[in-house]
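All chains are identified by letter, namely A, B, C, D and E, in their written order; residue positions are counted from 1 within each chain.
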Amino acid sequence: MHPLDETPIVQDGKSIILAHDHGLEHGPTAFADVPERLDPERIFEMATHDAVTGFAVQKGLAETYYPSYADDVNLIAKLNGTSSLWMGEPYSPQTCSVEYALELGADAVGYTVYPGTNREPEMFEEFRSVQETAREHDLPVAMWSYPRGQALKEQRKPDVIAYATRIALELGADIAKVKYPRSGDAMADAVDAAGDVNVVLSGGSKTDDRAFLSLVETAMNAGVCGLAVGRNVWQRDEPERVLDALEAVVFDGATADEVLDG
Amino acid sequence: MHPLDETPIVQDGKSIILAHDHGLEHGPTAFADVPERLDPERIFEMATHDAVTGFAVQKGLAETYYPSYADDVNLIAKLNGTSSLWMGEPYSPQTCSVEYALELGADAVGYTVYPGTNREPEMFEEFRSVQETAREHDLPVAMWSYPRGQALKEQRKPDVIAYATRIALELGADIAKVKYPRSGDAMADAVDAAGDVNVVLSGGSKTDDRAFLSLVETAMNAGVCGLAVGRNVWQRDEPERVLDALEAVVFDGATADEVLDG
Amino acid sequence: MHPLDETPIVQDGKSIILAHDHGLEHGPTAFADVPERLDPERIFEMATHDAVTGFAVQKGLAETYYPSYADDVNLIAKLNGTSSLWMGEPYSPQTCSVEYALELGADAVGYTVYPGTNREPEMFEEFRSVQETAREHDLPVAMWSYPRGQALKEQRKPDVIAYATRIALELGADIAKVKYPRSGDAMADAVDAAGDVNVVLSGGSKTDDRAFLSLVETAMNAGVCGLAVGRNVWQRDEPERVLDALEAVVFDGATADEVLDG
Amino acid sequence: MHPLDETPIVQDGKSIILAHDHGLEHGPTAFADVPERLDPERIFEMATHDAVTGFAVQKGLAETYYPSYADDVNLIAKLNGTSSLWMGEPYSPQTCSVEYALELGADAVGYTVYPGTNREPEMFEEFRSVQETAREHDLPVAMWSYPRGQALKEQRKPDVIAYATRIALELGADIAKVKYPRSGDAMADAVDAAGDVNVVLSGGSKTDDRAFLSLVETAMNAGVCGLAVGRNVWQRDEPERVLDALEAVVFDGATADEVLDG
Amino acid sequence: MHPLDETPIVQDGKSIILAHDHGLEHGPTAFADVPERLDPERIFEMATHDAVTGFAVQKGLAETYYPSYADDVNLIAKLNGTSSLWMGEPYSPQTCSVEYALELGADAVGYTVYPGTNREPEMFEEFRSVQETAREHDLPVAMWSYPRGQALKEQRKPDVIAYATRIALELGADIAKVKYPRSGDAMADAVDAAGDVNVVLSGGSKTDDRAFLSLVETAMNAGVCGLAVGRNVWQRDEPERVLDALEAVVFDGATADEVLDG
């Protein structure tokens, strides 16, 4: 049976993953305009929204807050991460083991890989170990597949994003989280390159409602299974409204215009 | 149950941690003015003071002297450390395993992490292993969270200290020991960023009574749970007097003025 | 008993290995002219051709698609690989364990080694571990033996290719996959240097039918046991026709001319 | 119970450790004037002298010669070492495991650490592992504590030697072997800094009888527990005479003058 | 009991080790003048000569050919090696585990160490692990002890070769294979420095019969236990004749002149 067949993080073949690892990856300044959202409880509350099929956080947030939300939230334990204080060659060390993710009640695990960087080989090897351990426990594996490095002039070039999804397939991920390659056609190519890996669009930094929802609409039309979103939800004044809108676009096939003007 | 719910190192939600790892971190010259305090027994005696909820030392001191003080002192085994003779990139190697800390009778473990340095990834990975092993034994974990490195112009910048406490939360620490970010407001922001991690103020180098106790008072008002103190206790002529004063400020909510002038 | 005596990837002492790791090693741009071949199912279909004695893919393709083809395809799990986005010193990190290859139903494993590069020692050590684990399970081991590095002016020099096959013998491989050393005599020398290791010719980039089949014919006459082929099959308009032709040359001893003109 | 309470290498609180690792650390040229002393049997014979409480050698000498001397000599297995042919950054790799030392019948283990060097962190971590394994087997641990490195202008500076003994205490050694810090007062400070770790003076290169014994007398008066001696014994014409003299100074409190002139 | 007491690779206290790792260490070009000797079977045949007490090869040759020769040849599994294509700092990675050597039926193991090179520490640590595992199985250990590195102006200097044999003793080898230090006296010094380790002369590159046998005669007179020989046997037209001659010199005490002129 396919690892995604019975997971609650995919519903009707679709996923909306709320990601909240910004406290580690970006630091509290990412919350400058919405300081109350530094409180993980607020974001856990958002994750109880029906549209959210998975909530991706680091171990520390999961062990503290997840016990209160285990019935209403599907946990994706993000297993590696780094701070933005660090200026080294792109690399993301492991911050949580698969075994501990299981103890935390995780429904899936997430792992960042930076193909093209000096430490690509190390990250491939670490991903191998994580992936194989997850397989032993039938735990789906999402790869945050973000090519970087000297040889890459542009991280969002169509070829690069298609390569990113293909690497996820070749290395045994079930879900590939990638950036938008600038056009729907390029997104469709990246979906093709992924074989039957589920591709989810990485939400990126906050944009206005129409721009954001149009992007999601285009990506869905290109064949992605959904998106992973953080700042475009929790940096907004009304996060529930945007989750309602995403639900309509991702699960009900609505257009951005229908949602915003309807 | 939360790892801090039943630990003796937190009492009424407050902690005063006496730290005595200066023999390793700074060397005997730190004791130049109080040479008799090089004798670990003297400091163990201080740690029996009622105000002290935990005593943080390296393994060597614990195995030699703790057996005589196990009834009167709560041990925090400091699990990594380095000498000041060493001129390398900031890094703190592990000097004691969690398992051995348990054999020594530790009530909690402490681990230094330097976010922002070249070896941040290694330290995050080592912290992971320590934290997960400690969890298996219900041992609380304190992170000495000290951002450093090329990119940091100032180690005590408010943003940096808030990032330091947040890293402790994200990586699964129970207690975050951080430096003072220069104002009570910034301290409060760092406490907010920590979620429900207990923040303790790092005492730092010796200052006069009023400056020191006012700092503690301000930090307590900003929401910290207490402090970790070393040189401001054992470098003083009358360490018991300052412990009495700290007890009043931390546990009884006294002001520095009340304690010094009252 | 010799590890190759009973393996289905060698038949009548001959092998045609279809390799399809280009999605990882070269990226989707390798499929620019035949975009539908990015779909692994198409290539798995090709691998069901009678002439194909083994199909070499990365773990991700095997776990997703092999279950449907297990009766008709013999799986060679390629256990290491890297992306062409990566600009580092030649090296190929392990992406799949031998144990997991067994779970996937592999009939053999493949491992790339780059003798002559800065990381030759690491790759020899990793090959050792893979080889010994494979031996425990009677799994044949194919070495992709590709000398590179500063000291090598030409990777296809006769001496270099003979050294490549010898290294496969000395380190305990059962099959050595090497590039063509520019002449049949040199190929024969490389076969001699291999002892009783099975040498297979690496197909390389796509050439026209006659050039390709003549090369295979020459190599067979020089004593190789067959070839490993990828782009010369799946980049062609009619992959089955070239597989038919290869079958005739490799298994039936036909000449290129007979096959093409007959 | 303290690890030193029952060990034969400390007698009446005193130790004379004969060290014979010069074959590895200095090479055969150290024996140029006494070539017959290259024969380990000669030195094992010396180690049977009543004054010698422990004999420190590398594994190879222990496994070959110790079986014949097990009744008359207490073995200190030196667990790391390097050759003087090696020009790298000061570091001493492990040459014997604690477990194998036990099989050899060791009564204690010795480990060199170079605080202040680039590889201090590695050596602290390796010492941790050695120390904790030794504790499991109640085997006393002696640290050869030799600060070095770029930041150290003088290896024998009083502050440096006091730091050296303190590091031994903090990291959990039972015995600290250090160089002489140029005065009895500085030696006494180093003894103070060591807490209840036994400090032994490192004998150093060969000097004349009076200089050597006076140094030992001064160190004993400063509170050291004895000395570790190599070249000042086995490079002498009459090693037994100097061992007799050391016995008088270390165990019987004789002065150098009494011994030499008496 | 001494590891060499019952091993067949030492007979009457003497050893002639035929080494055939040149396929890996030097590559097929070493066989340019005798191409048929690339066939390992030819060399295995030579190893059946009565004079040969041990045959040293890499794992790949042993697993393929040794089963047919197990009754007539004593196997020394060479456990590390590197190619001459590699231009890095001298280092020899492990290519076979001790455990696998045992499965291959090895009577002893061989390991190369390069004292004085940048990676001396790593090689000492790896030798430790090999040596201790071999001890568990009573398998004799031969060290190919070859000092190299920046500090060594001449690899064959008498002091250097004596240091080489001493390192073998100190680290726990049973046999030390070293180069000839240019005179019989220096060879004798190296034998003295080795304690009771068996010293064998490394045969080196091919020379004429008289030069070669005279060298062996001189070395035997200096106290070595025999030699390890490769090219001086298998690069000759009549390898059996030179083996007959070596038998006479090593086992029967004949002089080179007696053998050649007699």
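Just so it is clear, contacts are C-beta pairs under 8 Å (C-beta built on N, C-alpha and C of every residue); 3 or more make two chains touch, one makes a residue touch a chain.
Bear in mind the structure is a predicted one, so any value in this text is a computation, not a measurement.
Visitor: Any idea what the CA-fit rotation angle from subunit B to subunit D is, to the nearest 5 degrees?
Guide: Rounded to the nearest 5 degrees, it is 70.
Visitor: Could you give the separation in Å between the centres of subunit C and subunit D, each centre being the mean of its C-alpha atoms?
Guide: Here subunit C and subunit D have centroids separated by 58 Å.
Visitor: Roughly how many whole angstrom separate the Cα centroids of subunit A and subunit C?
Guide: Subunit A and subunit C have C-alpha centres separated by 36 Å.
Visitor: Two or more other chains touching the same residue: where does that happen in subunit D?
Guide: Residues: none.
Visitor: Determine the shape of the graph in which chains are vertices and touching pairs are edges (line, ring, star, complete, other).
Guide: ring
Visitor: From subunit A, moving on to its ring neighbour subunit B, which chains come in turn until the ring closes?
Guide: A, B, D, E, C
Visitor: Of all residues in subunit E, which touch subunit C in the complex?
Guide: For this pair, the touching residues of subunit E are 21, 23-24, 27-29, 35, 38-40, 58-61, 63-65, 81-83, 85-88, 91-97, 99-100.
Visitor: Which part of subunit E faces subunit D closely enough to touch in the complex?
Guide: So the residues of subunit E in touch with subunit D come to 2, 115-118, 120-122, 124-125, 127-128, 132, 135, 147, 149-152, 159-160, 162-163, 166-173, 189, 192-193, 195-197.
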